[in-house]
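As structure tokens, here come the structures.
Both complexes shown next keep chain A, but they swap its partner, so chain B is in the first and chain C is in the second.
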Partner chain A sequence: MAITSIKNLKEFSTNNDRFEGAHTLCPGCAHSMIVRELMNCTDDNLVISANTGCLEVSTAVYPFTSWDTSWIHIGFENAATSVSASQVMHKVRKKKGTLKDNDAAVKFVAFGGDGSTFDIGFQWLSGAFERQHDFTYICLDNENYANTGGQRSSATPIGATTSTSVAGTHSYGKKEKKKDIVSIMAAHGSPYVAQLSPNKWKMMAKGFQKALETEGPCFINTVSPCCTEWKFEPKDTIEITDLATDSLMFPMYEIVDGHELNILYRPKNILPVEDYLGAQGRYKHLFKPEYKHIIEKIQSDIDTDWARLQRREEARV
Partner chain B sequence: MAVEFEVNKREVWDGNYAASQALRQADVDVVVAYPITPSTPIVENYGSYVGNGYIDGEFIMVESEHAAMSGCIGASASGGRVATATSSQGFALMVEVLYQASGMRLPIILNVVNRALAAPLNVRGDHADMYLGRDSGWIQFAAFNAQEAYDLALMAFRVAEHHDVRLPTMIHQDGFITSHTAQNVYPLSNEVAAKFVGVIDPIDDMLDFSKPVTYGAQTEEDWHFEHKAKQHKAIIDSVPVIDAIFAEFKELSGREYKRIESYDMEDADVCVIGLGTTVESARVAAKEMRAEGVKAGVVAIRCFRPFPYEELRTVLENCKSIAVTDRSSPGGAMGAFYNEVAAAMMTSQSRPLVTNYIYGLGGRDISIENLKEIFKEQQANADAGYITTDIQQFTNLRGPKLSFFKTDRS
Partner chain C sequence: MAVEQQDLKLKANANRGLSQLEGGFDLLGWDEVTQGSVLPSFDGDASNVAFQKAEERSYSGYNSYTATVASWRVLKPVFNIDVCIDCQNCWVWCPDSSILSRDKQMLGIDYDHCKGCEICVEVCPTNPKSLLMFSEYADVGEALASWPEKKKKEKK
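Let's look at the complex of A and B:
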């Protein structure tokens, strides 16, 4: 059986991880939770690639490695390409019988941050999806170039201050809306795309399993709160994630075969976005009277997007 | 099982076709490529061999050359045999990942059909792309005709995949002049070629799950230097392996290869050093000069990296004046090849005169007459005992003569 049942938290804590706890990610970083969930949700062998970014620089600093599985990092942009070419080589070698263990089950997974996924690596990602390779791409979306000191990416939401979209007397921070990467990847004809969040960890594990089971290129955008650049206490990571999903700043949903949209989580009490924004230093300036209209805009965008998602779910188109 | 592709004892192939036949005979598992003139037919042909069952591999046509080399790295780290081809702008786009391939010690084979770098845009052959890769940590072989493009492509797999080497390797041929000119080529039979190239024995195979590997780790000032030094040493240490494989190939085919080729150098007073198709022209020019009483010779660099400094010094020991030809825009300095040769001769006892000729950019012809003119200038230098011209000259260029860098006599 390739896919394991979903472990409970106790099993998780005693699990023999293929992703070691020893790494140099910031305390409170959600990346390691997401990666560990992925690696815990299957018993298959894994070939993992990573784009340059926080995850990569924190888990493979010579002479150490946190990865007890096949792992490759080339550059900032090409994790989708390296792992998909590995998948093709696997196919060829399996056919020729030249693998060390020809029957070993294997899954191919690429990790990228939002900078490498939405921006610099987008061409490589798009190309690999167009070629329909059988792999899963997971974006660890912390909405900025955290590894290089918090510059804006095209995943940074409107109104956030970053080191290259600085809020001040003449600016409310980033001017542009976040790129809708999930729709873009669904439009590639991907059989499975989803947006998931580590606070709903069982749902996340199920989504990962679905992606790994589905043949073809699958894409998952995961919310990964960054205490360093979002400016909150490391102990509050999951609370921030709760606010993100319950304010619908990060709705959790999946799109199957490009059209079948399913909302995965409907908050019982939808929180006002102020609750989410107010918990983070990067939005602090928005609470000044002159930038109040930006909060209103963010709220109205959320409402519009939520209505759109629900209409799409109903319409199945 | 692949369908047998028939090859005759003698074929009429151009350089591209010859290189692609080497990929087929070497049973390359995966080619990841993006097309670019003039190298496109190499990977197109591989694709057609896959499409017609002549090879049991996979052809991945990606969305850029950067992705092509990225895919080659992923595939090569997964333990199989990998090759691709490119030229010019495509090569330039690959450069970031060329360094990654060599740093990870992956035996990828890259056929480079040399072409000028824009701007201005130009599809013809010069060596600008080849020079761009010279510090990338790859072994670089230069083929001067289609036969050599084939032979070196086969030998490259042996060198690159050898456990004492484990370095990616390029085979260069001149755009259009070699790549698109049909010539007689004497291929090995499929059986003999397959036996010669052998089966890849991977090290640090990502698909061997009994031994997980981490590729592409980070090192800072604590370890980076040691890694790069080791990589440099590996390139230098590839020399005996290259020589042994050249010798083995000679036994098999009767065709002899050396890291540095020399023609009529035993008693030469003057010589031209070059690589690529110009070598054959220079040999013709040297013969004509000899008929005119000039003791002219030609030296050609077969192995651009690792550069054969010591062998070069030996070959040029008794030569009085040397013309180093560079087919790449030097950008405010001497040609790169000139610098290598001058560095080698700086440590010689004889300290011959060394001059630099920039020629043939963007596919501009260099004629026998041009080359004879160069030989004559070298003879004048040899007779005078000093360099009688500026040190660097442009050859066969429109307009007034262009030359740079004075000697201490001028």
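Let's look at the complex of A and C:
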């Protein structure tokens, strides 16, 4: 396949965007940064599907499309299904020699929000991975159902206030821990799964290219800060991802063939999680004396998870 | 020195601005569209777009490239080419594909697609910054003339 050069940012910038402006995502939305990065990672033809969510509704506002590639949307939950069906059709037609250009390289990619990936579309995602289709699934994880007004999903972390886990005098926000989707997808026997963040553009590009090059179903969870629901200024999207990766709220790592875990980024100075939480309105209430213990709980969960990742990296299990 | 903000003569500029909604297009209503309808992103052959710059492509009127979100902006980023070091930070993190980079050089901002989020300003590493926010109505020449001096490092 034709992957593009990611040696440095200048070379990367010579790619011609295939994701167009005048989509209607909020100013400062990270979804489009991640999509642009994926599309600039390769020169191959792309067949892209999207679940319902902010990305889908904002890039297909009738009569416009923001996609310079084939793009398909069916329903909330079935981006994995539609792209895996397209991939099979392509394989069969290639064999029969009935494609317009039988030699053109094509890559298949599905985008889903965390709501559609962790919850409502999980059954379809799991099915496509079990069937071992050759595609890459990218979750745009903004930890809530943003497009319908910020409801909690199983990706929402403990302590976040959302429109269905409202913090107040009787509640500190969401009570349950975030689902470990990366391990779940690795347990499907996927050849490549990873968690990546757009502030580290090169690591993200490298991971995307690896997923595109690897045969079989690959899964990447990407941190996609949502200024509207996380409550921060649009200009701070990259700053928030810096705080996320450097506090290890979002560690960056990959798991190859279900067991070979590699940590991709080790912050020089690990930041206290307060720095990350304090930068967002959705965690503001945690700084009240009565909810301080939740911050301590989040920090101790991070420490435990980081220790576990390092042990897994060493043990190769 | 004042610089032209947009050296690039973008081919699609002529039909920017929702021209299709102003009668250039015969659109079916949402309740008239049939199942399986396709909106082509390009007129004619689209097999080579990965290798074509925007100004070389034949965008169809359905491509959002031919539309504009300029009216979303309250503040706009102004670009000062004299300070820019072409690091391309602004290009990689602009969420609206609005940084006009060609052959490793940053040339300006696509004001038809920029929403004024200010991320490009935040990630610009030069001192003073090569991108700064001004009122949407500010005169670019005046904005450039008022550019701040290099900030000295504060002594500790």
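Simple rule for what comes next: the second predicted complex is superposed on the first by the 307 of 317 C-alpha atoms of A that agree within 3 Å, B and C clash if a C-alpha of one lies under 4 Å from a C-alpha of the other, contacts with A are read in each partner's own complex, and residues count from 1 in each chain.
Following the convention adopted for this analysis, a contact is a pair of C-beta atoms (placed from the backbone, for glycine too) under 8 Å apart; a residue touches a chain by one contact, two chains touch by 3 or more.
Computed from a predicted structure; not experimentally measured.
J.: Chain B versus chain C on the shared chain A, clash or fit?
T.: Once chain A is superposed (C-alpha atoms), there is a clash between chain B and chain C.
J.: Just to be sure I read the superposition right, which of the two partners does A:K91 touch: chain B = first, chain C = second, or both, or neither?
T.: It touches chain B, and chain C stays clear.
J.: Looking at the overlay, what does A:I263 touch: chain B (first), chain C (second), both, or neither?
T.: Once the two structures are laid over each other on A, A:I263 reaches no partner at all.
J.: Regarding the shared-chain residue A:W124, is it in contact with chain B (first), chain C (second), both, or neither?
T.: A:W124 contacts chain B only, not chain C.
J.: For A:I158, is the partner it touches chain B (first), chain C (second), both, or none of the two (neither)?
T.: After superposing on A, A:I158 lies clear of both chain B and chain C.
J.: Go through the superposed model and pick first if A:S32 touches only chain B, second if only chain C, both, or neither.
T.: In the superposed model, A:S32 contacts chain C only, not chain B.
J.: Using the touch definition from the top, say if A:V106 reaches chain B (first), chain C (second), both or neither.
T.: After superposition on chain A, A:V106 lies in contact with chain B alone.
J.: Would you check which partner chain A:L271 touches, where first means chain B only, second means chain C only, and both and neither mean what they say?
T.: neither
J.: Which partner does A:I184 contact after superposing on A: first (chain B), second (chain C), both, neither?
T.: Neither partner.
J.: Of the stretches 4-12, 40-48 or 220-228, which one of chain B hits chain C?
T.: The segment of chain B occupying space taken by chain C is 220-228.
J.: After overlaying the two complexes on chain A, where does the chain B footprint on chain A coincide with the chain C footprint?
T.: In the superposed arrangement, which is not itself an observed complex, chain A uses residues 45, 61-63, 65, 67-69, 101, 104 for both chain B and chain C.
J.: Report the residues of chain C in contact with chain A in the complex, numbered from low to high.
T.: Within the complex, chain C touches chain A at residues 20, 25, 27, 30, 33, 39, 41-42, 46-47, 49-54, 57, 61-69, 72, 86-89, 91-98, 101, 103-104, 110, 112-119, 121-123.
J.: Sort out for me which residues of chain B touch chain A in the complex.
T.: It comes out as residues 29-30, 32, 56-58, 60, 62-64, 66-67, 70-75, 77-80, 82, 96-97, 100, 199, 205-210, 212-220, 223, 227.
J.: In the complex formed with chain B, which residues of chain A make contact?
T.: Per the stated touch rule, the residues are 45, 47, 49, 56-57, 60-63, 65, 67-75, 77-78, 81-86, 88-93, 95-96, 98-101, 104, 106, 123-124, 126-127, 130-131.
J.: Please give the residue numbers of chain A that touch chain C in the complex, ascending.
T.: Its residues touching chain C are 9-25, 27-33, 36-37, 42-45, 59, 61-69, 101, 104, 198, 201, 233-239.
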